[in-house]
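Across the two complexes that follow, subunit A remains constant while its partner is subunit B and subsequently subunit C.
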Partner chain A sequence: MKVALEDISFSRGPFTLRGSGTFDAGVHLISGPVGSGKSTLALLLAGLLRPGGGAIRRDGVSSALLLLQFPEHHITSPTVAEEVRSWGLAPDDVLARANLSARANDDPFHLSRGELKRLTLACTFMRNPDLLMLDEPFSSLDCTAKRMTCRMIEERDAGITIIFSHERAVLPRVDTIWEMEGGTLTALGSVPGAISRWRHAPPYLAYALEQGARPENIRLSDAQEALCRTQG
Partner chain B sequence: MIRITGLSHRILDIPDLALDARHIAVIGPNGSGKTTLLSVCSGIEEPDEGTVRLLGRPPSAVKVGWVGEFPDRTLLFSRVYDEIASTPRFRHCPCRETDERLRAAAERVGIPHLIERTVTALSGGEKALVALAAASADDPEVFILDEADSHLDAGTAERLRAVVEASTAAHVLWCTQSMDTAAGADYLLFMEGGAVRHHGTPEEVFARLEETCFYPTLWRVRR
Partner chain C sequence: MQDPRLRLLSTAVLSLAAFASTTGAVAALIWWLVFTPRTKALPRPGVLLSLIAMIAVTALVSWWGGGPGVSYLVRMVAVLFLAAWAYAETEEGEMLAVAVWALGDRIGFEIGLIAEMGLTGLAVIRQDIDQIQVALALKGIRIGARSIVPIAALLIVAQIRRADEMARLLVVRGYTLGGRICPLFRTDSRDILASLSAVILGLLSCLPVRDVFILLQ
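On to the complex of A and B.
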């Protein structure tokens, strides 16, 4: 299973996005500043936009799903339970998972921002597509919910997971790191080798690298363990 | 000073709180009442019971610059120009002053290149910067930011912090899910279940939260 970007380009006004590379089964993190083109790339990978040049080829991918950055953009139904049904899912399972069982009959827009994000995340993971694209899955969440999201990402045992995020504190274990800057996608390669090349590394990871530590992955616990090893 | 007395509103229950600090960060789990507190302090909502005073006045009598988390919900106009201009226009500023104010605000926030764009063509983070420019266009006395950094990368979040820092506002009340950012505030409120569970300097409050994930990542690795 894989998705390959073959010299794609996409322009809108003065902005041009370019990228090449292959996403194999596993967890891929694409980081980059605001406006660098992360969400546009997510829409291209999801097939919601067509590249102006080049091609995006899917191999062995039978289902794909994009979780949008702003959870309210997913909402199509007047109650939380109906919203879950609109994803083709049974409300009981999803709401238990999202810790929202008591809110089944509420208007989705009466949920808090974090609750709404938990709802769309739970729906997304329950659908368990071959190709899962998560656009800023951690924004709006408190650290407890971010950790839960990391667990859901890490527990996906098959498929391709691509995370578009600028999260700087709570991150999952990932297989590869990519950077997006000024519309250009750059593959940094596999973790742990890619970590030292990662210019957008979160502060705790940058600190560990400065101290000469070599974290095995990108989580806070990886940085702490690596620091313990260097400090004996 | 921000003074809260006998406040009871939706899930909020804050008997008495007086805040002198300039940069006040509000942290806590989703659903703990942070946004409700900010809404009441900004005058967007009237409390069911109790009073809030900013600089000795009710919030409605204070120039408050509000930046929310979801700019899509607060952006009113289709052109960036009109969005930023709306703040001085709503205060009946003359056209020339409105134009000067919006250009100065766009300059401060670092988005003069976006002025002629339409809002729909912007990224999520760019929309947040437009909302910040609109909020700062008439020199607010109090800035209130509701997880405005949630959709921003580190560089943009730093720009937001710098704009707010350099403003003439007497108070900056902001809630954030970044504990590393909150560690830079003068004073912290940790909310849980509608109550202010801990308050004090970042050192004091984080000392109570060390066993939780509500703790700065940099403090963890630097120990």
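On to the complex of A and C.
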């Protein structure tokens, strides 16, 4: 199972996105500053935009799903329960997972953005597609919900998961790191080797590297463990 | 047409003429062909065809019931083309400028503000429809007869919510009644020619011209 970007290019006004590379099974993190082109790449990978040049080829991928950055853009139904049904899912399980069981009959727009994000995240993970693309999955979430999202990502035991995020505090265990800057996608390689090349690494990882530690992965706990090993 | 006052006048006169009679509608369509960028000012083919289809269905029902179905189709298509042109040419702030120029800083400002908010709302609805199409595609739902009613309800609720938010924002910023702006307009000779033609065509198609000539004889 893989998704290959073959010298794709996409232009909108003065902005041009370019990228090449292969996403194999596992968890991929595409990091980069706001406005660097992450969401545009997500839309291209999901097939919602067409590249102006090059091609995107899917091999062995039978289902794909993109979680949009703004959860309100997913809403197509007048109640929370109907919204879950519109994803082809049973409301009880999803609402329990999103901790929203008491809000089944509410208007989805009456949920806070954080609650709405929890709802769309729960729907996305319950669908369990082969190719799961998460555009800024941690935005609007508190620390507890961010950690829960990390757990859901890590518990996916098959398929390709691509995370597009500028999050620099709470991150899941990943297999590969990519960077997006000025519309250009760069593959940094597999973790842990890619961590030292990661220019947008969160401060705790940068500190660990400065201290001579070599974290096994990109989570805060990985940096702490590496520091403990180094400093004894 | 650069001058929004003349554009609004031409649109109003020709729309009335088109609505009043088939002759007026034909005259309005001829004016539209001569003085507008024609197809460049029309909405996307999908949107345009949907609107024409809705008019055609109503016309068909009218014709089936013994009413003036074909005439209704021609008249409403002419009104639609004029409205599409006026909407495409209108720039942000022009409705407010025209309303203040015509009715002053209090009532004019209020009416202009409402018109501006209405036009902005149309653009936002277009974005909402695009977003809903993406959401439905991601969920694997095809847009059909069953999904039209919930989508329409969603769009209406979203618009009411935005209007409420906008009203609260205006209150928070201290808005009570009216405001002052100094509208500036640019008019060229083509604007005058087009609007003069519109008024003449409007008058000719609304007045009982044959009766006038009989009186002259």
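The rule we apply is simple: the second predicted complex is superposed on the first by the 232 of 232 C-alpha atoms of A that agree within 3 Å, B and C clash if a C-alpha of one lies under 4 Å from a C-alpha of the other, contacts with A are read in each partner's own complex, and residues count from 1 in each chain.
What we mean here is this: a contact is a pair of C-beta atoms (placed from the backbone, for glycine too) under 8 Å apart; a residue touches a chain by one contact, two chains touch by 3 or more.
Since this is a predicted model, take the numbers as computed values, not measurements.
Touch criterion met: A:L66 reaches subunit C, while subunit B stays clear of it. In the superposed model, A:H74 makes contact with subunit C only, not with subunit B.
Taking subunit A as the reference chain, the count of touched residues is higher for B when subunit B and subunit C are set side by side. When the two complexes are overlaid on their common chain A, residue A:V170 makes contact with subunit B while staying clear of subunit C.
Shared-chain residue A:A46: touches subunit C; no touch with subunit B. In the complex of the two chains, the subunit C residues touching subunit A come out as 131-132, 134-141, 147, 150-151, 153-154, 157-158, 161. Those residues of subunit A that touch subunit C in the complex are listed here as 46, 48, 65-66, 68, 73-78, 86-88, 107, 109.
Those residues of subunit B that touch subunit A in the shared complex are 28-31, 35, 69-70, 72-73, 121-126, 128-129, 147, 150-156, 177-180, 212-214, 217-218, 220-222.
Residues of subunit A touching subunit B in their complex: 12-13, 32-35, 39, 69-70, 72, 112-115, 118, 136, 139-147, 166, 168-170, 200, 202-204, 207-208, 220, 223-224, 227.
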